[in-house]
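Each of the next two complexes has chain A plus one other chain: chain B in the first, chain C in the second.
Up next, the complex of A and B:
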């Protein structure tokens, strides 16, 4: 009886405004973008013509676009893995009750996340400077000059440098989600395992990680989706260069749109959306399956 | 019946007058309080501010300068503004009729027959004609791309300007042996990478394909990747890098450092455009630059080469702008000889408006001498209606991969794709 009352507390038409806004601002633009990706729409065309899959064929034939696809995937998987690994590590370390100043450390780790990516991009452009950058100067100061590199202009490491910057920026965010997850795990489980003689590693494997699965799901899925849409960080740090070494799908889409090639740009956008679904959905389903009810 | 007829005629006349009045209101905009002028952020703003202050004093209309990032980005941002109908009142643009096809001639205010052109030198005027019509007013002076060199370095090496390409290479190698940076390339800044290929075009490519070949390129009857001399130019560029003639870590090279290194004699030469001379003057002073910086075209295999000219930039007015009559007043004002005089107090270039007097810098006299000897050609980019889209990135990638064929194919593909997107005949 109570259940039925809860279900009927609000009439269905209350959903109307939300559905209208969602449809008007999301569903319709998404569907029209599917259509425009199949046209020759560009800044100079007054009449838009249906061209079928031509834009998609041209995109996959373009070496630059192929480079953006592989760069985007490398970037996405690397950042997702690194920020989750480090975020979890920091969360476990900073969840220790007896650690003095743990709140201060939490703030320090989280701080980069509240700085705008544009600002971080400019900061790291200076940090990575091959001659005057603080990174190379520090390495040289400690006798590690052989490790000094041209971090953003050497095509073999430029993508790695952008990845590290994003990991530095977003680790704190992952840490916060993991901290919340850790604090939700009842202490009784750990106390019982102490009685059973479990060591720290066993507790991590058999208690912490399984019960942290919902946080892992949220963190991994958010990181995957967010990093596949990376744009500002790359734009500011390298503008996709040198050459196509750090070009990602969103910088490619921007160049298409700024050239007025709206049809091709929209097609690239559709590919990005499909890619996010193809990768994000299975990851979500797999991780969801592994979640344990508390 | 007569009364009804008379009343009907009266009503029709009244309606005609009413609608005529309405139409007049639509086509004649109110005097705006301000106009916006979009320029690249590399433009020296001081002369513009002086010119606009005088315009404001004369008309009461303020002029707001909007400086957008220079290079390819500039054109892209403006195209985006056009697409969203966020038109500036006036904007400056690189020379060439390709700008008209880039934005679409129906999106630009036609200026044919405007009195301001009475004062333009014929050669510059003809260059601006697109299908017999004018859409842009020349702005600034004729410039050049080329090899800029530090005279002190050349003096210390005991060399003069090169007589041919091999001679050029010998000078660069000599500079390297003497501890100078032979060529400073600003690869990080991207756009300066284009200069070598573009200045090589008149000396190497034009002799092979001639004006006829350029005409074929214009209508897509000749493929860029089929031009043997262009392939050779790309190979020469990679060879310069392979011979160690670029500075160490050239991928991190910036335009600012390029200026600094050339002016202070750390670098022997830089491939650059004449617009960088005003920036050098602003930093080091006119006397210093005049004394230290020289210019020569990229030599060919057999002689000193062909100079490459860049026509004056242009002022364009979007046809969708809200204040076209006032924007045109501003264009006319900016192109008056007195205002051009102000422009040349700060900028280099050979004036294109009659009645403008300017003492040419030594390198400008050299360029003029080449032109007068018939050894100068206009920048190929300004002779074509399509564009070498994404060219700096292609060259940046060429320096990474050394794959000349890939670079040529990509250049050709982008050129044809852009021509097609602009709906140019033959594409």
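Up next, the complex of A and C:
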């Protein structure tokens, strides 16, 4: 009787809607993408044929795609590093000092995170404008005119400019996570280390950072996964240019798609998935190991 | 001496905070003041009050049908996706956490993979064309639900652990069926993570660009984010009007954020930590 009830209490059909919704437009396309990536599927073909790893070989032989890969990795690692470094720094600063208006500051720096990236992209096109943009105007005003650049059209600096935009957008998010982590650390830890005569730096290394490990894990993994999928920010700011100086995987997939090269585009998509798994997963495991249980 | 040092330290921190706030706010201020300027003056991007303030830009934008349509479409999309994700996600999370079957386990693993792995956009377009839901609201809603479901299930499953099983047993003894138990008992108890999931999903759908960019070609069905993209490519020489458009797009978002900032910040960050 009780056993029968246990079965009916949690019926399997409760999973039905989720399995259908997730299965239909996520699992099926993901699974078929493996097949499509091995075919010559393109806009001119009615019948698609299996070509093995040809798409992947061609992609890796393509200078443009190789640049795309390295741009994506540079973008991802730089944004991840910068937003975590700055986010942690600001969080520690904000946490140690008694500050009036701390919440207002939190609200302000978090603001860009809730704004659509497409709008932010356009705002920064204006800010980076070589002649009238605020960035160059400000640099000139402070006598740093020699630092003024054509931020989005100079191939040597364009990727950096897109990176800075994303750092501007997401540092507040990382900071808030770190701030919450810092506030969860019991005060007694610092007090007893005071008695032992530890200085500020030692406290940071031996107490703050280890106890902050869960927040670091979340922040780093989220940032890595999110930034490797970057698309609209690049599309709006540079559209991959100048040349392919800022081309990332998702903009590359878009250009493959618009050329009607569906097989190659899908292969590039698979490379992105693999990249995210092989970079995201180990980082998650390594950082998880370092976590200290409170 | 220590006192003097703390005061200097506090001052430094204040200065840094103010400087950072300025860096964050400058783009928005630039957008706002220039939205009241004419075509020539706004192209200078100066942070200064307009010489001859004008509302022409706003009139131009508000007279565009696709501004209103975009707002309406985004609203329809984000609300329906949120309802669908929350309801089906809660149903799944409830059974996944309570039961130990193989089906539950594998559903959970598959969903977990869905958090990390990016969508395969080209096969998705193909599948939607074959099933004739490409370029439809229903298609876009189903797509967003698929993409946002994993996170919600993950979050809710984690929270379900804190709800004691004895509650279900008590309800069962009273003769309560599973669906009634879920709706009347479990959903109210899941209120906190459902608020988080709502905030995360609405923000994700409202701000998303790539899905409608690939999946919707009919301009009448574009959400506001695509309208912005399209508007700027049409008016890119007239920054005043572009800024007015963007101000109007951001205004409701910033107002909602102003009122609910505590919940939004907590929702988006604790949601991330739990996920």
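The rule is simple: the second predicted complex is superposed on the first by the 267 of 294 C-alpha atoms of A that agree within 3 Å, B and C clash if a C-alpha of one lies under 4 Å from a C-alpha of the other, contacts with A are read in each partner's own complex, and residues count from 1 in each chain.
Keep this in mind: a residue touches a chain if its C-beta (ideal position, glycine included) is under 8 Å from a C-beta of that chain, and two chains touch if they have at least 3 such contacts.
It should be emphasised that the depicted structure is a prediction, and the values quoted were computed from it without experimental measurement.
When the shared chain is aligned, chain B comes close enough to touch A:43, but chain C does not.
Put chain B and chain C next to each other and count what each touches on chain A; the higher total goes to C. Contacts of A:154 after superposition on the shared chain: chain B is touched, whereas chain C is not.
In the superposition on chain A, A:105 makes contact with chain C only, while chain B stays out of contact range.
In the superposition on chain A, A:239 contacts chain B only, with no contact to chain C.
In the superposition on chain A, contact is made by A:257 with both chain B and chain C. Within the superposed three-chain model, A:87 lies out of touch with both chain B and chain C [touch as defined at top]. In the superposition on chain A, the residues of chain A contacted by chain B and by chain C overlap at 129, 257, 262. Those residues of chain A lying in contact with chain C across their complex are 5, 8-12, 14-15, 17-19, 21-22, 24-30, 32-33, 36, 90, 93-94, 96-99, 101, 105-120, 122-124, 126-127, 129, 132-134, 137, 168, 172-173, 176-177, 180, 214-215, 218, 222, 225, 229, 231-232, 235-236, 250, 253, 257, 262, 265-266, 269-270, 272-273, 276-277, 280-281.
Residues 6, 9-10, 13-14, 16-17, 20-21, 23-28, 30-31, 43-47, 84, 87-89, 91-92, 94-96, 98-99, 101, 103-104, 107, 110-111, 114, 116-124, 126-128, 142-143, 145-147, 149-150, 153, 168, 172, 178, 181-182, 203, 206-207, 209-210, 213-214, 225, 228-229, 232, 239, 242, 246, 249-250, 253-254, 257, 261, 264-265, 268-270, 272-273 of chain C are the ones that touch chain A when the two sit in their complex.
Those residues of chain A that touch chain B in the complex are listed here as 42-45, 63-64, 129-130, 150, 152-155, 239-245, 255, 257-262.
Partner chain A is touched in their complex by these residues of chain B: 73, 76-77, 79-80, 82-83, 101, 104, 187-188, 190, 249, 251-252, 389-390, 393, 396-401, 406, 410, 417-418, 421-423.
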